[in-house]
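Supplied in structure tokens, the structure appears directly below.
For clarity, chains are labelled A, B and C in written order, and residue numbers in each chain start from 1.
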Amino acid sequence: MLETPGGQDYLVKVENVTAGYLSVTSFSSLTKTFTPVLRDINLSLRDGERVAVIGESGSGKTTLLKVILGLLKPVKGRVLIEGLDIYSSRKAWLRAVKKIGYVPQDPFKALDPRVKIKTSLMEPLETSRYSREEVNRLIKEAVKLVGLPEEVLEYYPSSLSGGMLQRVLIARALINRPKLFLLDEPTSSLDVSTQAQIINLINTIYHNYKMGILLVTHDLAVAQYLAERVIILREGRVIEEGFFEDVILNPRHEYTRLLVKSYMMEPI
Amino acid sequence: MRIRVPTLMISVVSTVRRVWKRRMRFRIGLIIVSAITLLAVLSPFIVPYPSEGWGLIPLNETNVSGQPPSLAHLFGTDDKGRDLFSRVLLGSSTALLQIVLVVGVSLVIGLTLGVLAAYYKGLVEYSLNYLIEVFLALPAILIAIPLKMAFGPGLHVIIASMVLTWWAWYGRVASVYARSVCEMDYVTIPKLSGLPGYKIVVRHVLRNVSPPVIVQAVTDFGSVLLEASAINFLGFGLPPDYPDWGVIAQNGLYYITKMPWISLIPGFFIMVTALGFSMIGDALRDELDPKLRRRWRLWF
Amino acid sequence: MVLAVESKGLSIGYLDEEDRVLWVVKNVDMQVREGEIYCLVGESGCGKTTLGSSIAGVLPPYSVTRGELIIYGRRVIKDDLRSYEGVRGKLTSYIPQNPGSSLSPYMRIWDQFWRVLREQGLNEKTAKERATAILKTLSLGQGVLEHYPHELSGGMLQRVAIGLSLATGAKVLVADEPTSSVDAHLKLQLMRLFKDVRDNYGVTIVLITHDILLAGKACDRVAVMYAGEIVEEGDSISVLTRPLHPYTKLLVDVVPLLGFKKTLASIPGEPPKPGLLREGCYFYERCPFRDEVCLNHVETQVIDGRRVKCWKPLVDKTTS
């Protein structure tokens, strides 16, 4: 755990979180079995900091995301966003979740095929009191920011490519000016050439707005571009964390060593 | 609810046009169904003997019971001397009315409950699915008998008894589709923007679930007609004088050797209409099933 | 030198709804030598899977073919005619992307091996010996044979799938994105396994992947595909370190490399949709080195034994 001075100014703080899924085997037998996916996770992120959570399948990274987004209540521990426990009340959760811009993994599943891009982009603004003109202006700004033409607003998702959809989703996440950008494998379902475009786009946005970034990915090489600090998850536990260069150059854990090796450019 | 009717209409028209071009089956089915629909709409105006059609037995002087088909009575007359052509013609509107009401009402109930079951997981899903199971297991005729005893015969009996069983079928189809839609990120992400649940259900879930379920409903039109006719034939739905194909077929049952046309003509109409609806439904299902959208699909 | 797979002007397309042909693979000349690991690299929609399935003999019936494809001297595709008799499952075999869904869940691993080996006229005893021997080279014990697929882990299933395609006695194995469902730290193992299989059995492996790093690490020769064409072909190290075609160069520049934080180049635009047909170079719109001439002129050149489909390859820039 990297300690940063000045306790309160954390943007996100995950404290001793143990979370998992309850499975009700049948209606008649009320016994529920609990399978823990995350065990005693600690994580903190300050304003403007970029952290990558690296984990492969079964490491619990998706569960961690759900916990931070307030979709899965941990059995132990708490999640603070700007000092606010998001599981204390629905109001607190709503306030906290507005500070998060979430970019999901698969752009093809994240936009409703029967709803225009414009409606999808308006959705995050619906709960706030904005006038119609303001909403339109904000949408157009967001679309311009991610480098898409304005005509896109009138399209349905099916007429856009994966890279463009991912840009739309980034615009959607940005529209509320979030303090935290939560990226869930933002490039894993894209081609390499579009992947580079998206990485560069996120970096430009970061340099303009300096929001905190929490990236969840399995790809160390992508994480290198989007984060300074890295946390390596395996089977629900943090096995290694530190600054990116330190972890890559001197991996302490056997698994990290293996992981780093598999990304090195050397013939087998 | 903001489902844009014009765009929906355009997509329906273009789908129909595309399938029309490809499938003979669809063409035949559509022609049959349009003809029946036309008959049903026009029947009140072109019926030669309206009062006989609605079940009144003609006076003794004009009563010619059991007359075979002739120019005066195109389909002959029935055992009580009523003009069969008028009765069968009016029967077409009864048939369509039953189909539309049964499918429409069950579709609304089924879609709503099915989508709710899938969206609000846990106990709601469990109990709704249980309810669906129970109603799926009930035959419509078992509901029709007590309903007829309690409220007397009539359209309400047949509609109520069939809706009570058919909604469960659409509820199940809708909840299966809705469950996969609810897994999608486009249902989760609006939750994070603080959108209330009903808005998400209407805007995202219902909109994506209803098209396949509606197609399913169209393919069921034929089966609904068959089941309704069966109940009416057995005498548990409409009163014995009502102009309905099932009822007319029942009227002629005792005279089947002497006056076979009384039962055969409405039976033929039931068969042709059900066939027409099945042909349309079949072609639509084949066309919309992505696995069959290949060059090899049969032209017919 | 024996050619395992050779194609001459091979084009493959699919019939769409309106019975038009959508050409996905365009005019491909390819030579795969016996006993090498040959890699087809490209982004999605570039036709690499279609080309691979034409070699494995699993083209869907509604596809259209032109040109020739020859596998070990047997002509399997000659224009419209396709005959994989005695080739599919005998000479070539296919390793699917996701072994979890390609192995029958209701059969034990042994039953699946038996179904393959029975075809070769083996009796139960010799078949069992052979299956055990194959599994041994894949470092799986005999006990695996008695298990059902769901009882094995993903990595084991992947090896069983490889074992099954080896059991057919095929000389050419086509592996379609074998690593895409495998965790990164297991990728190395899997690639090492492919090399071992090649060395032990002398088979030729056609590897289809979008991962250019993997291609560089595991393959002998690489063919880079773009919009249905092979734009560059050559031995893997030189293609990836000194690319000749602008697309290859950008593709290499665009991939993030761990421990070497270069600025990521970005190729403007998106890959073309499959089925685009036109004169000249398909990479024209996105190419930073383009010229007026590229619009209607493209030619295949051979430089240092590498074939490149560009009339002005990046020779000078790479040597200086």
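Methods note: contacts are C-beta pairs under 8 Å (C-beta built on N, C-alpha and C of every residue); 3 or more make two chains touch, one makes a residue touch a chain.
Worth saying up front: this structure is predicted, and the values here are computed from it rather than measured.
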* Asked: Which chain pair has the highest count of C-beta pairs that touch?
  -> A-C
* Structure fact -> Looking at Cα centroids only, farthest away from subunit A lies chain B
* What whole-Å value do you get for the distance between subunit A and subunit C if each is reduced to the mean of its CA atoms? -> 34
* If you average the Cα atoms of subunit B and of subunit C to get two centres, how far apart are those centres in Å? -> 52
* **Averaged-CA centre spacing for the pair subunit B and subunit A, given as whole angstrom** => 48
* **subunit C, residues touching no fewer than two other chains** => none
* subunit C residues touching subunit A - in the complex, by the definition given at the top -> 43-44, 183-185, 187-188, 191-192, 195, 210, 212-213, 216-218, 237, 250-251, 254-259, 261, 264-267, 270-271
* Quick one: which bits of subunit A touch subunit C in the complex? Just the residue numbers, please. => 56-57, 161, 163-164, 191-197, 199-200, 218-222, 224-225, 248-249, 255, 258-268
* Structure fact -> subunit A residues touching subunit B in their complex are 27, 69, 71, 94, 97-98, 100, 102, 104-106, 109-115, 119-120, 123-124, 126-127, 172, 176
* In their complex, what parts of subunit B are in touch with subunit A? -> 126, 184-186, 188-195, 199, 203-204, 207-208
